[in-house]
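Structures given as structure tokens follow.
Shared between the two complexes below is chain A, which pairs with chain B and chain C, respectively.
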Partner chain A sequence: MNQTARIISIYAADTSGVCSALYEYGGMTVIHDASGCNSTYTTHDEPRWYDKKSMMFISGLTEKDAVMGNDDKFSADLIIAAKELKPAFIALCASPLPAMIGTDLDAIAYEVESETGIPSFAVKTNGMNSYIYGINNAFLDLAKRFIKNDMSEKTDRLKVNILGMTPLDFPKKEYFDSLKTFIEDAGMELNACIGMETSLKDVERLAAGEVSLLISSSGILLADHLFDEYEIPYVKGVPYGIGFSEKIKGFLSEAATNKKNIDATERFRCEGKVAILGEAVLCASLASALLLDKGINANVLETVGDGDLEILKPFDMSCDDEKILEDELKKYDIIIGDPLFRPICHDKKFIELPHEAFSGRCFTKNAPDIINRAIEFI
Partner chain B sequence: MIKIAVYGKGGIGKSTVTSNLSAALAHLGKRVIQIGCDPKADSTANLLSGNPVLPVMNYMRDFDKEPESLEEISKVGYGNVLCIETGGPTPGLGCAGRGIITTFSLLEELDLFEKFKPDAVLYDVLGDVVCGGFAAPIREGLASKVIIVTSGEKMALYAANNINSAVENFKERSYATVRGIVFNRRNVLNEEEKVKEFASSHNLEIIADIPRSDDIIRFEDEGKTVIEGDPGLDVSKRFLDLAKLLIEEDENEK
Partner chain C sequence: MLKQISLNENRIPEGVKISELDFDSPFYDGLHYNAPARGVWNIVHTGMLIPEAHQIYVCAQGCLRGVILTAAEMNRMENMSWVALREKDMWNGEMESRVIEGCSHIVDEMKKHPKCILVYLSCMHLFEGCDFKVIANELEERYPDIDWVDCYMTPTMRKTFEPMVMMKKSLYSPIKKLDTDKKYIGLIGCDRATDKTSEIYSLLEKAGCKMWDITGCKTYEDYMSLGKASLLISYLPVVYYASMDLTKRLGIPHLPIDLSYDEDEIITNLKSLASVLELDESVVDDLTDRTKKEADESMKKAFETIKDTPVAIDASATPRPLGLALLLTKYGFNVKRIYADAFGKKEKAAFDELCKLNPDIEIYPSMDPIMLNAADEIKIDESKYLCIGQQSAYFCQTRKFVNIVEGGGMYGFDGIRHMGDALLDAYLNEKDLKLTISYKGLECESCL
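What follows is the complex of A and B.
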């Protein structure tokens, strides 16, 4: 059976992506869904659930309300909750059912904002796209609503935005700490981090950044928006390892000077017999880091089926079909990927690299931090 | 941009009015898109000399995939009007309203407006606002004004009343508002009085009065609008006057 995952897991959906993206901004995120349980979005896919509060809700859509078009009940619930909780904003997103019947969440958001005065918007989802799609749309909608133009403070150091950081790709706070240290060690300053260890203040001051570090496919719409609207260029790549991190430091200065976007991985990739499975930007960055630090040639097998496919080389592959992927993996000697890929890798040497968006919290504790430090797990 | 959704009872002449209005706007030098939002997919026939465009839903059913370019699901007709039809599911199956929403999402993904850069977009919608899909053309960002086509027949006025009420219900949502009535005459008894009374009681303006005309039928038999057939006819002038009114209003709103 094609397009079916019999053995391996599947990636988190766009609705989980929206919840993850908006978790720390003080807004009220509401998934219009039949379920009364929000654990899929906010516990299985959300490591912050246990130590950080966030207003994540499910509407509790019933069959009768869907068939009768009782949108007014949803609007009324939103208004009551908003008046009580006073969120900084209200974000609505659709699960498959309202997406199928075409519920106009933009119009409901408009009604709620008119009634409460609280900025409200609908993030485009249908519960069937990838987490990358949901995060991208959520970050873009948030930025369009909250970026301020007059937040620039003069400083001698280059101001860097980190874009595309959510626990679905970077599940531990240590990753943020390492990135911040990386930026400071480079003599630069963290202007804003979008997604983790963040607040609405970070979104407001995004336009004061001089360059962005795009560390996953999930921030690409925001990165493009900042470039198009505010002429802030971005460097694409995660500073993994030692050599590649040094290259990225140079690229950040170069991009800021020349006002041009740079794919940091572009010149540091060679075809090999090692396969890295997962999200495109993270995998390509790891491949570049392995080449520069250990002389290992690795191919990327992008397995989300979404994201920044432009970063892929001709010898890489985008594949979200289990059977095709299983056959493709036979060509490789070593496979690096989330532990839940192991069952389709047969007798190949397998190196575990947990990915929250694929296996949830099952293996988070084993996820290594290789940002701006030596790669030791390989 | 002129963004109009045309509603009215089934068989009342919505497609005739819409395609003649498109042709009139094109005749006056405007770049026009007409999107038929009826599963029958016959809205644009008279702009295409009887050579119909492949409807979007038919494309998806026949090829089992979404179209990848506008060229696959559009045709250029009289006056360079870009003609698109949503079409519908297999009769008796599926969900026609969802089909309209799917089509609009697809047209957005294909950057229809950015690529074609129209001066006017006209949506020709199924007879009544029976579900969310048929209200989709009046959502924010699509049509900004609704034209209701009616004659003096009881059921046509009944449908017009339903449409007006449905649009009124959406006023909190920043949807389109009703601009007025196109009076499409059927020459029934006391027709003018009935339509004027309806318009007056609902605070609606009659923005065009289209006489019953054999010329419309004659040119439709040739796969044409009267604008294409003979723009000098009295009935053609009525459509041209409506087009001029909408152009003038659009320019005043800029």
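What follows is the complex of A and C.
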């Protein structure tokens, strides 16, 4: 039955996505929520919480506030905190109840900005969408506010933006290090990474990039915005493995030259008896890498129910329903996915590939780094 | 008057002297920060105490995420299911049927029906005016072999009924009245086992009574046997609503014997218990002569080593942080800080006495946004603090801390003895702060 699961986990929600996306930019992000969103986010969806400080709060909404529409208190609380903490910006997002009662977060953001002079904006969420939705909206809103057009510096090397990188898909810093090395090994230069190991300076100089590497569905709105507004094309795909990484290097140059977006996975996919479960861009990239490095044909079973579904092939599937997924998995010999999918894979050969957005911190320590290096887990 | 905590020139939060605080409303309740200390139990941990039960959460994705991963970290996904609410569910008038059909689907997918299913509804149901009676009646009719329990994850209501208060009520709601066993006493409200050496157990033993404690229940039948209890006792404030409900439904009297660190209150509570157990007061006197002496020795022994080490206490460690601070102050400990956003009404006497005895104790909130900077004050290798509770340990960045939540199962003079031992142990044996406080639900199994 749709929207129901007996035993599997659920993906991180849009509110966590917003917080994850904005974590490193020196802003203050506030979920308009009673309680729970903050501990859920900081416990399960934010591996940086203990070691790297960020102004992530909730409003502490009460039944009285909800019934009486006490928005003034929320505005006042934001102003009090902002004056004390002096954030670079203020971002607001809604949990289900404010969404239900129609709280006008845009108006509150406007009021707070008028009072404090601090750039403030509302990011569209309702606590009922996936993390991909929240991250996409947050990155886009951030970029619209802070991109500068005059940040270009002359360089001989191709300047690359990394888009769609948050710990929900890439939970360890070593993933960023591997991507940076990948870009530098290709004779290119990292212009800006959005989401991790980043600052507002990266957002400001996004327009100086010549091509973007879109590594998850979570950066697609920003990638399209950069293409539409600044003619910066993007290559979609994560440089997993050896062969596929090499292909992406070529595609980055090609996209920059031709000013055309490229789906790096498009020509490297074949139908097979291996199923890869998870987020669309990550899974399609892994399928391409397996084909090029190991000759393995793999299908993608996109399980978030959100994101870049255009990357899927006719033999792939998008399914966020546990029962349908369980039946579909019977067709495969080998399943690659987060360990919390294992209970519906029965006696099939199961290869664990932890995904923070699904299992949180449960298996982070076992998540392999396969960016620009040989794939050894299969 | 509400205090607005502020940052000093180094952007570190400044505590407020206890003597300058308003007991009833100590701090302004604005935006909320969440410290990375995960030991406190939530409604999932508590619900898992019912043996052979299953939990189904019906709420939005954002709310589901936290509870589902709580179960995942406990390695208890077998006992956890969910129904996600989407935007359309808010408007299509099918909130009740979404719950009924979702739960039915989950049960139909099970190889074996659980004996009890806890169904958790959310703020969305509450504000939609969802009719839980309709849901319960229908599910009971479809699956009469299952005890269906209505539970609530409604943090919006926390100023009226905290989610954990509601959870404690739901926790005992399947219990049905059985033939009374005069020698069977139910201890309610505790998520973790109470020390077997406590005076509660000693008095029960002297009265020839057996204790029911949910933490000791292995089967659903064990759990249901609370229905034969002749008396309910509790010592944690979170259970007051549940005790009222149980007494009303089952007719079993309830005796609160509050957790306390005050000598007179401990003796009064133990004498109340002795009285209903039909024991002579002299039994309590004899017992406490010994346990009080042991508690005294333990505290003095701890102080001999700990001396003037600064001590901090937080409200996640005990429902009576002020009472504990007062006790430690009287033994000469250098209590410097208490982290608490509010105080229970029964702490007023301790508050007043501390204002006189130790007026410079600094009180800090734990949820105020500026507490984000609190851990910057002291480097972990330089911290001199000895803390009681995970939150204070984090804020004071110390490896020396007593790792307990909600009183830690310590009760009476025996509990004070344990506290003295625990303080000494914490002082002498450092812990890995980050690792220790990262485990969710203290003492629960963890996959981390």
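Here is the rule we use: the second predicted complex is superposed on the first by the 374 of 378 C-alpha atoms of A that agree within 3 Å, B and C clash if a C-alpha of one lies under 4 Å from a C-alpha of the other, contacts with A are read in each partner's own complex, and residues count from 1 in each chain.
As a working rule, contacts are C-beta pairs under 8 Å (C-beta built on N, C-alpha and C of every residue); 3 or more make two chains touch, one makes a residue touch a chain.
Everything numeric in this text was worked out from a predicted model, so none of it was measured.
The superposed arrangement places chain B and chain C next to each other on chain A without a clash. In the superposed pair of complexes, A:K260 makes contact with neither chain B nor chain C.
More residues of chain A are in touch with C than with the other of chain B and chain C. By the document's definition of touching, of the two partners only chain B reaches A:E111; chain C does not. In the superposed model, A:M100 lies in contact with both chain B and chain C. Contact with neither chain B nor chain C is seen for A:K273 once the two complexes are overlaid on the shared chain.
In the superposed model, A:G69 makes contact with chain B only, not with chain C. Of the two partner chains, chain C is the only one that A:T4 touches; chain B does not reach it.
Chain centres taken from Cα atoms put the angle at chain A, between chain B and chain C, at 90 degrees to the nearest 10.
This overlay, made by fitting chain A, leaves chain B and chain C with a least C-alpha separation of 6 Å.
In the three-chain superposition model, chain A touches both chain B and chain C at residues 100-101. Contacts from chain A toward chain B in the complex involve residues 69, 100-104, 106-108, 110-111, 114. Every residue of chain B that touches chain A in the complex is listed here, in rising order: 97-98, 101, 131-133, 135-136, 139-140, 170, 172-175.
Chain A meets chain C in the complex at residues 1, 3-16, 30, 34-40, 42-45, 49-50, 53, 55-64, 66, 76-78, 80-81, 84-85, 95-97, 99-101, 126-130, 323, 340, 343, 359-363.
On the side of chain C, the complex with chain A involves touching residues 4, 6-7, 28-34, 36, 38, 59-66, 68-69, 72-73, 77-78, 80-87, 90, 98, 101-102, 105-106, 109-110, 122-124, 127, 153, 155-160, 163, 367, 369-370, 372-373, 376, 434, 438, 440, 447-448.
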